[in-house]
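Lettered A, B, C and D in written order, each chain numbered from 1.
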Amino acid sequence: MTAAPPINIAVLGASGYTGADLVRLAVRHPRITIKALAAKTHAGKRVEEVFAHLGGLGLPDLVEVVDIDYSAVDAVFCGLPHGAANSVIGKLPESVKVIDISADFRLDDAAVYAKWYGLEHAAPHLLAESAYGLTEHNGAAIACARLVACPGCYPTAALLALLPLVKAGTMSSEDIIIDAKSGVSGAGRALKQNTLFCEAGEGLSPYSIAKHRHMPEIEQELSKAAGRPVLINFTPHLVPMSRGELVTCYVRLSDGGTVDGLRSAISEAYQGSPFVRLLDPGANPSTQHVRGSNMCLINVFEDRIPGRAIVIAAIDNLVKGSSGQALQNFNLMFDLPETLGLEQVALFP
Amino acid sequence: MTAAPPINIAVLGASGYTGADLVRLAVRHPRITIKALAAKTHAGKRVEEVFAHLGGLGLPDLVEVVDIDYSAVDAVFCGLPHGAANSVIGKLPESVKVIDISADFRLDDAAVYAKWYGLEHAAPHLLAESAYGLTEHNGAAIACARLVACPGCYPTAALLALLPLVKAGTMSSEDIIIDAKSGVSGAGRALKQNTLFCEAGEGLSPYSIAKHRHMPEIEQELSKAAGRPVLINFTPHLVPMSRGELVTCYVRLSDGGTVDGLRSAISEAYQGSPFVRLLDPGANPSTQHVRGSNMCLINVFEDRIPGRAIVIAAIDNLVKGSSGQALQNFNLMFDLPETLGLEQVALFP
Amino acid sequence: MTAAPPINIAVLGASGYTGADLVRLAVRHPRITIKALAAKTHAGKRVEEVFAHLGGLGLPDLVEVVDIDYSAVDAVFCGLPHGAANSVIGKLPESVKVIDISADFRLDDAAVYAKWYGLEHAAPHLLAESAYGLTEHNGAAIACARLVACPGCYPTAALLALLPLVKAGTMSSEDIIIDAKSGVSGAGRALKQNTLFCEAGEGLSPYSIAKHRHMPEIEQELSKAAGRPVLINFTPHLVPMSRGELVTCYVRLSDGGTVDGLRSAISEAYQGSPFVRLLDPGANPSTQHVRGSNMCLINVFEDRIPGRAIVIAAIDNLVKGSSGQALQNFNLMFDLPETLGLEQVALFP
Amino acid sequence: MTAAPPINIAVLGASGYTGADLVRLAVRHPRITIKALAAKTHAGKRVEEVFAHLGGLGLPDLVEVVDIDYSAVDAVFCGLPHGAANSVIGKLPESVKVIDISADFRLDDAAVYAKWYGLEHAAPHLLAESAYGLTEHNGAAIACARLVACPGCYPTAALLALLPLVKAGTMSSEDIIIDAKSGVSGAGRALKQNTLFCEAGEGLSPYSIAKHRHMPEIEQELSKAAGRPVLINFTPHLVPMSRGELVTCYVRLSDGGTVDGLRSAISEAYQGSPFVRLLDPGANPSTQHVRGSNMCLINVFEDRIPGRAIVIAAIDNLVKGSSGQALQNFNLMFDLPETLGLEQVALFP
């Protein structure tokens, strides 16, 4: 019996929180060898100078993106900022599979991208071939893609909750309201006043109301599922916790629709999906219970207003909302068991 | 010139968070003398054994409710649990003005009370005379009432945001969705597993979906303003912070209504109200900026879905949502300046 | 090639935080099968009713301790409260290996136990055979023991920092001062006022000064290493975080001793220990960087006062300070690789 | 009867946390009129653009330090960074009293300043006339000073705890160990990675071990009291809370000294001091109980090691440790009641 050969990966943008979380998981993945870690401003440093929790793991030192020998790399995880990612990915050799955690290949239309991100897309020719990496809903395409665009954290939670319902026709695609709440790590490790401990702690703030960049992405996928253009209300809030994301979705039932119907649609959609759990009726999905894990918890509640329902999903924004889902996609792309390297149980408390 | 005589008060339920916050404010109120503090299980103790931050202030020891000499008391603040409050208040002498922070006199109809609280009301004869203590909207009635029923914390925030709009007719009273978020102190000081640091910390949970007891109170007041029965969606979430409450209200504009129209209605409603501020367009109301103060911050945002808007209000649940508003009502009842003893600027960070 | 057979375990006290953390790790341990979970008040419930983060893992329902069939069990992890643990363990069949996470077998002397815990020991005959489970310092004894008494969380951190220094004679055993800081999970899941979110949050408190029960345990082990009775100052503080423990030890160097000498002693002691890392000179050990992992980070700092030094160790109190170390001991007792099931990298942020 | 005339103040460095906390208190001080607020990078902005919690208070817009008309100002509170403060203060007109919250005038010796701050002092001629602003120990000098150098937050807590003991000779001035813990606001509002929510949250870190700039200041004052040079161990830790500071001091009793003797010395020292409270024996000083207030809580504990004791003090680092003490000094300098504008009870929870 011969052991399967390692799959060599490079992580671009390893000095951000999503990059670090990818490394945390990948270093324990039984088939992965981390060949290179790249990070712009920190190139030349040892990993533990940048992330003390990653010390002592035998990881390679940080290098510049351009200094990686891609001929020795099977797959690249890209956690670069948007704008930088598409430019780098556009120049990678064809032999390398790419799991992009940035926002650059999520929107199908370069014009929509330009409008929301204020940038011309640097590799529009790749948009058509990139697969949207919402694993549970796009697994077949992901498995044979060379480039997978992992969804944003909010779209992951919102679409896992709503896509099955729109597809099944059990809810209306009008007037969808998504009240979203995220931990502070969603804002990244860049220095910003509003993510200082003293600013974000012990308080709650709405932000980017009606203009968050995850909105067009949610609308794009809901529109495809609905077969018609869908506009949504998406209102995010910053919560004093490091990890965790919860979307509370207020929806209208289709004519004759029921909460039980919504439950059935979700239950059927995620039959066999190891990382999505529909909770027992009445149980509240809480971000505490997915911290550090790749799980998504969902539940559906009857609204007091007749004909309406509440659908709630909770994820860890850095895992299922980012690096965990990226690794899940990697598993599919390399024909590995979907859960490989992602079995960690949530850390509670 | 003679100094005005002190107004003697008793605080019932002084061992809870709202009771303690009332004491914190009242002990510095220039006209108040705290004559008695009552707390069931802690009777006989010194205040600082129960609340260390209230030590050294020369406060009276805690006694039983029945051991207070009400003939020496001008006003009673009642922070007892619901069910206990109406029974005690029903027996107080007529000479004593009562500011009730409990839920017992908020609902006009004893049958509605019985349904939501699972208890027969012990003093239904007082329901008619009690004034609903939402100061900014009911000041005249409060000023001449003997018994004021202070609103719940959620109703305070929600009604301050929505009542002017319903009254002005600028929003529809259909399909009102209130996504509410509260700090943990809202659950009180009783020992419950879900309010332990390790359970509530570093995470976010929805709770009491479509069955929270503050819902009928909000509906009652909106219905009165709308002149028709209003059903709402009210979905609360527990946020890892001690103080603070934010309501994100999703509403539909009336025909021809605009966000500017909503702003005008709010602006006019709170002309001259020292504790409600409509923020500049685009500014996000955050609970951090009202912590420890009696302020309510409000703003209105355009929705991406045409014909809809988002109205957000932030308060400190223990101050404007409870003890601060109680003191504000006290000021009106005793013909004192509305802001007396409530001038504290928010504590940030 | 035949797969190694599973080792069947039971977890007693599965409804506490340490029990739950043991389950979190054990359920992913490649050689463990969890046969039974016992919890007094929650017997009869499904695991996810008690710990939502452990739902969907196919775990057995909770039962009473007495209802476990120990003939089908190879090892018992005991997370019962002190006093309950020794009574239960005293009656377990000889065939079962026991890893005790409680305090009941940590002290060698039943009289000392009685003095500090206020209880007669229920199984004093087992004290002599029990091995003190500080893995890095007692591995040989642990490997062949039937009963291992895992250290308290504070003793784990303090002894990992100080034992090598006392053994090497590089520090004095006089006037050892241990200023200790713990996250709130150290206090367990029982309902106590001081561990409510609103009480423990946004503040820091010392507690149990000069009378904490972990003190005699630290003194016992330091005394054995020093060959003379050692008295220590041990002053714990409660920190507003769920997990994490840091001990800041103020020590006097032996005559001619140096900080480099201390570093060498620590470095040599943990040569080949996968879970203890001496940091680079000047690097600060932080609990953030061990959260959820079995690592202990140590560093030594020069004191401004000549002849003194500061030794600091950081662990996750629930992992290396409790369940992780228990599993590490289990691995030794069953002749498995020491790191099996414990490879998780710390969860940061 | 004529009302006392207002005292006109300017606040320099109003965009930092200490500046903002000074404004929070000063705006409600019955004798103060805030004439000018200065802040380098934010000059030209409205206050609420910089600190939303200070909106609606009728405060003047932010200006440059040089644009203030000091002829209209009676007192300046200076919260500028060290290095900037001494340069600005050196040029202020003689007519203006100065309460400096920066570090620039705390050290008596310009050479010591240069060594610890890496800067030549820009106004060494003012060092001799400046009074060290530890109100309870230097009130007479403060009352007649033109320039008061308010202590650092750590020195405030440490000296309030230890000065009476050194002065009374009840403790040794050898081997003083101060284990200090601070909330994150102590690091200011500047953007630093280690004060991001995700870095400082849910964890505890030591920092600046044996090299913190507050050390020479504590040593200077202890040396003066002891009449001999005193070296201390000072080890600070960053705690995941916004406000609060606790020093745990490990000291040796003088020959024949007792814990009761320490208590007496502290009790006598603060007879009549409204802002320092010696707690009942056994009560733990906690930062929660001074949050937002100018109080310092102190207690003394017997050590398990004979001849030693533990002295603990808790303050709010931004109030008694900074802006509150500055205002307390202002009151003395203007012959006002010491407590004026500082009566706020701690905000708990």
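Going forward, contacts are C-beta pairs under 8 Å (C-beta built on N, C-alpha and C of every residue); 3 or more make two chains touch, one makes a residue touch a chain.
Values in this document were obtained by computation on a predicted structure and should not be read as measured data.
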Neighbouring chains shared between chain C and chain D, ordered by label: A, B
Most distant chain from chain D, judged by the mean position of its C-alpha atoms: A
Pair exhibiting more inter-chain C-beta contacts, A-B or B-C: A-B
Chain A-chain C separation of Cα centroids, rounded to whole Å: 36
Rounded Å distance, chain A centre to chain B centre (Cα mean): 39
Separation of chain B from chain C, taking each centre as the mean of its C-alpha atoms, in whole Å: 46
Sites on chain D at which at least two other chains make contact: 17, 185, 198-199, 201-202, 240-243, 286, 288-289, 291, 349
Complex contacts: residues of chain A adjacent to chain C: 1, 17, 20, 24, 27-28, 51-57, 185, 201-202, 242-243, 277, 279, 283, 286, 288-293, 295, 343-349
Complex contacts: residues of chain B adjacent to chain A: 175, 177, 179, 181, 198-199, 201-207, 209-210, 215, 231-235, 237, 239-244, 246, 248, 250, 284-289, 291, 301-306, 308, 310, 312, 314, 349
Contacting residues of chain D [partner chain A, same complex]: 17, 184-185, 189, 191-193, 195-202, 240-242
